[in-house]
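Two complexes follow with subunit A in common, the first pairing it with subunit B and the second with subunit C.
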Partner chain A sequence: MERPLQPLLEISGLHTGFDTYDGRVRAVDGVDLAVHAGRTLCVVGESGCGKSVTARSILRLVEDAGSIDAGAITWHGDANDGTGEPFDILSLDPRGKRLQRLRGGDIGMIFQEPAASLLPLRTIGAQLVETLRIHTGLDKKAARARAVELLDAVGIPDPKRRIDAYPFQLSGGMCQRAMIAIALCANPSLLIADEPTTALDVTTQARILDLIRSLQAEHHMAVMFITHDLGVVAELADEVAVMYLGRVVERAPVDELFADPKHPYTKALLASVPVLGRDRGRDLPTIPGAVPSPLHRPSGCSFHPRCAAAVAGRCDTDAPPEVDFGGGRTAECVLYETEGAST
Partner chain B sequence: MVRYLGRRTLYMAATLLAISLMVFVIISLPPGDYVTALQAKYNVMGQGLTAADVANLRMRYGLDGNLLEQYWHWITRIVLHGDLGMSFEHSKPVEEVIAPRLGWTIAVSLITLLVTWALAFPIGVYSAVKQHSAGDYAVTTVGFLGLATPNFLIALVFVYFSVTWFGTVPSGLCSPEWCDAAWNLGKLLDLLGHLWIPMIVIGTGGVAGLVRIIRNNLLDELRRPYVTAARARGVPEGPLLRRYPLRVALNPFVSTIGWVLPLLLVGDIVVGQILSLPTLGPILLGALKAQDMYLAGSVIMVLSVVTVIGTLVSDLLLGWLDPRIRLGHQR
Partner chain C sequence: MTDPILEVRDLHVRFPVRRNLLGRTTVENHAVSGVDLALAPGETMALVGESGCGKTTLGSTIVGAQRATSGEVVYDGLSLTAMSERRRAPYRRQIRMVFQDPFSSLNPRFTLRQIIGDPLIATGEARGSELEDRIAEMMRRVGLSPDYMDRYPHAFSGGQRQRVNIARALIVNPRLVVADEPVSALDVSVRAQILNLLRELQAELGLTYLFISHDLSVVENLADRVAVMYFGRIVELADTASLYERPRHPYTEALMSAVPIPDPALKGRGGRILLPDELPDPADPPPGCAFARRCRHAEAGRCDTGEIPLERDAAADPLTGRAVRCVRRDELDLQGIAVTPS
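== the complex of A and B ==
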């Protein structure tokens, strides 16, 4: 597919923090990302690295006590299909019509706990029809007919009957399918998937991933997939962004990332994936230490206390430079300082 | 559904029977009976009663048997004839003592309850949605005060200011000149002029308590993933609040109906006493003091019946509101 000049969504310098009793936690600390139309970006990292908060910041869904401090999230969707100018989502009126249309209309989103993401007191049909009517203006009857089609499209068997089922009457996998139907009901050009398969068992997970992939091909939409599972990344991604403690430490096309990881954190992450056969009889390699609290971020490179290649007197004092290798590859590490065009 | 209702009715009957026995025993627990109380009263007035008088009185009131016999006599009359017995103190059937006050009691309580709900609901929702705002802090502070101040104290404060400023005691629900009059506009206005005092006195604590319940329920629900998910699919804030968290927060509200109904009937006992309201509360208090056992027992039994029915009503309502709740083994 030919890539348009502008990415669909561009995040630059995003800072999102949370107020806690111990001070402000900078959960997202200067993230730059770009999602291109029709492509899949996987954001990967450990728990607490800020990947979910980044995803939520896009639709301005950061909960109370948290707020977006700085940065820009530019939506080029209107410009790309010739209906308008690119605009910064963060400068939209939080109760305005455009943001409301962006949510669910231009960008669909699915979440980690499918059953908890649906209101248990209303049928999945009611919640699907509600969203359909908000974004498409269909009347009640037409919306219901469309809802049955959508449920069928996401692989829910017997959709005519299941449309009146309550979320607690369906399995987690079925609920996630219903969530996908709701997220896609207005043909969004971007789907944000925030660890949508984490709460599901492995077989269901594989089916949901297949579903997302086939729907993506069908609707030519971009997907931003948040996960901590490198297996999912290998299966789904076009581009990958590796996050550590609120920053993107490495960006790469998926093949290059697995073949030639640059950042020491990515290397360690890949080394700690168990491989059938290879790891028999030996301990699984792990990254020493634990993710530091974002309240007590190490000075310099935040990964240096756990890094095998850390340069004393350098990594612990200076923020690492972002090295651009060209072709969409970057890494935030001093080791490559001389290789690429540092920014 | 019919089977469920049948089973519940059976349980209700058993519960009420157990309650009636307990109530009767507890009322009879204090030493002495109505005749002893009467004896003491006559002694104060300087007219001693002879042993024969006492025995005669005991026989007349049916107090000469043992406790179990008395209970049997009372409960069989209620179940078989719907006869609640005689009130010793008022020397007329219990029904005739309760009936005229029942209407007033329900009227005062119902109006208070409706006003309480009408005030508490929007205030509670506001203070949850605008948590940590100046308005929320104001509501919470006033709420704590309202909750911590006993109703009877507020009533006493009202009485105090009424006496010092206007020289009258706010009592009852009508001015003397209107009390026996037939219903007309004048009497209605007079009633409204009196009604606001018990409404404020009884309502303050109720509003404060409900605001806290609604606020806490809603705060719990506002942080659920389904709220974020609904927002993420573009549901506007107003409908989002009404259709999602508020619907869930309504459930505990409905489940309070069970104990709100009896409260409606008895009114606030102490407040009723202080403001001389024509409600059931003061009657119950007087009956307990005079050991007027049939009257006291009957009032408590009426309350129990209403409580049990209220619980059934709130269970049925909850089953209708929340599809997760199944009544019995249906479906």
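== the complex of A and C ==
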């Protein structure tokens, strides 16, 4: 598999936390990830695993409620196209021009609830034109013409008329298309999609995924796709990162992850999902218990209380080693410490 | 089949959208338009379809939370829709509902004892130590420790709350449970636990389920039979195996092809059907088949005129046999899902 030496975006040692009445929640607790140009990274995990907070940390959208305590988020986009040096997004001035250009310019983002992320009192056209004018410097008339083109490109029928529609006049699928049009209007090199199809029907989901795939091929855009749905992962991903309680527990190219999952959590997760044509009428294997609150993170490996393969005296006391199998595969688990290179 | 436990006959539910000066309804949304359905005792019937297809309205009309505009809900041979509220009351204990969202469906100011015991307390059926014993027994049955009886819902995870929801539904020994998307809001790793629990309780207590869901993988796992709804009508009704292996309504086929399969080897397994977004206006249903405008098999002149009936195969059981609402049902060869043993 060819992969460029330099990733587009590199996250290392990211820690993001929130203060609550019950204490500090370490939502993201040491995450390393890399997104490569033109490829799709799926981040998969259950609620509370820190996948959304990781994504929001990239654009520094968490800092009102929480704070990024440590780590670096390096943007190589400028270096890759020869216009500048790599820089750490976390060291940017939060009110500065570069961060503003990054948000919606270099990096587009779409969210789970399309209708809730659009402004209800402004037409989708007005919201598109505003973004276009900020990031491309087009005048009003040209921006409107471009907005119609974009709405057409994301498959909104009759874009000349729909451009003046308010979000409530459009279905969920149409709102998500409008969101995608806004996210794409400055030709970003990276699209971050945070569960963009979770609130949609399967038939609408199929069309939105199809749209993201074709736009990606057209613009050679990188996609970081956050989801809890393993079916969507199989369909879309090149690389997959599995998260559990604030950490990436396994990382692999998509085919290898499904064919040969390493981490006990990944294995259990894959087994417990009913699959069309496989699990008719039979009891499903389960993972005991529930995801613990990040306030009460278990000691040692945070998955050990639910893990069938946990080693007493080891998994409940020591942090698991990260084992590198080579070829972009890693797993945080003692079961593999004799294989590969531990770090 | 044996006598059905529940029959729905030509059920219509319409919601007023606009009234004129005199308070007369001038525009109505047709949520459920002529549904016929029969459930055999002990089976799990799934109701699937996209949001807005009327599946939840149908479910709440069956439990009596929503009034039918016309048609009948018949339980054990008795028409519930014809009964007065008073006469219907005892039957409310026999048909119970489990809701989708385990966070908003439990009163945060009640303890589990109050929530689960409420139906018994309200009717005065049990009190004191008998009440306590029955609540404890029910909690154990759904996999909750009775030690938690005096805690509040906020202390529990989504999966545990859904167990509370199930306990509350089952404490009055119902025979039929309408479960509206009971696992949709749960984490993937907890979903399997609740599906297995529902299966276990059904075997133990002989329950009949009407399982409302948009998730075809979950439905295939749990249901004996499936009714596919589109635009307020049932468009296909069949046992699970035949429906998934060989759908006969183009909408069923499209719905199945849209489900992402967690196996990258099957990526682009050909035949994904992308439906255009054109949903008909529920206040002004089109003539003919409501799906025709999105259907790749539609034929002008046949699919867009008249009323297309839900037709049952000639040899099939008149109440439960396979039925399809499509004029081309015998001409088309549609794609299902092949079974692959794991």
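Definition applied: the second predicted complex is superposed on the first by the 338 of 343 C-alpha atoms of A that agree within 3 Å, B and C clash if a C-alpha of one lies under 4 Å from a C-alpha of the other, contacts with A are read in each partner's own complex, and residues count from 1 in each chain.
In this text, a contact is a pair of C-beta atoms (placed from the backbone, for glycine too) under 8 Å apart; a residue touches a chain by one contact, two chains touch by 3 or more.
These figures come from a predicted structure and were not determined experimentally.
Asks: For the three-chain model obtained by superposing on subunit A, do subunit B and subunit C clash or fit?
Replies: When both complexes are placed onto subunit A, subunit B and subunit C end up side by side without any clash.
Asks: Give one of first, second, both or neither to describe whether A:280 is in contact with subunit B, with subunit C, with both, or with none.
Replies: The answer is second: A:280 touches subunit C but not subunit B.
Asks: Just checking: does A:207 make contact with subunit B only, subunit C only, both, or neither of them? Give me first, second, both or neither.
Replies: The answer is second: A:207 touches subunit C but not subunit B.
Asks: Based on the superposed arrangement, let me know which partner A:270 touches: subunit B (first), subunit C (second), both, or neither?
Replies: In the superposition, A:270 contacts subunit C only.
Asks: Is A:135 contacted by the first partner subunit B, the second partner subunit C, both or neither?
Replies: In the superposition, A:135 contacts subunit B only.
Asks: Which holds for A:230: it touches subunit B only (first), subunit C only (second), both, or neither?
Replies: It touches subunit C, and subunit B stays clear.
Asks: Does subunit C touch more residues of subunit A than subunit B does, or is it the other way round?
Replies: Residues of subunit A touched, subunit B against subunit C: more for C.
Asks: Using the superposition on chain A described above, determine whether A:179 touches subunit B (first), subunit C (second), both, or neither.
Replies: A:179 contacts subunit B only, not subunit C.
Asks: Considering only touches as defined above, state whether A:27 meets subunit B (first), subunit C (second), both or neither.
Replies: In the superposed model, A:27 contacts neither subunit B nor subunit C.
Asks: Taking the superposed arrangement, what is the smallest distance in Å from a C-alpha atom of subunit B to one of subunit C?
Replies: Comparing every C-alpha of subunit B with every C-alpha of subunit C, the smallest gap is 8 Å.
Asks: Name, in rising order, each residue of subunit C that touches subunit A in their complex.
Replies: It comes out as residues 50-51, 157-160, 187-193, 195-196, 199, 214, 216-218, 220-222, 240-241, 244, 254-267, 272, 274-275, 277, 279, 337-342.
Asks: Which positions of subunit A touch subunit B when the two form their complex?
Replies: Residues of subunit A touching subunit B: 56, 59, 61, 63-64, 95, 100-105, 108-109, 111-113, 116-122, 127, 130-131, 134-135, 166, 168, 179, 182-183.
Asks: Please name which positions on subunit A make contact with subunit C in the complex.
Replies: 46-47, 157, 171-174, 201-207, 209-210, 228-235, 237, 254-255, 258-259, 268-270, 272-287, 290-291, 306
Asks: Spell out the residues on subunit B that touch subunit A in their complex, using ranges where they run on.
Replies: Residue positions touching the partner: 131, 223-226, 228-237, 243-244, 247-248, 321-324.
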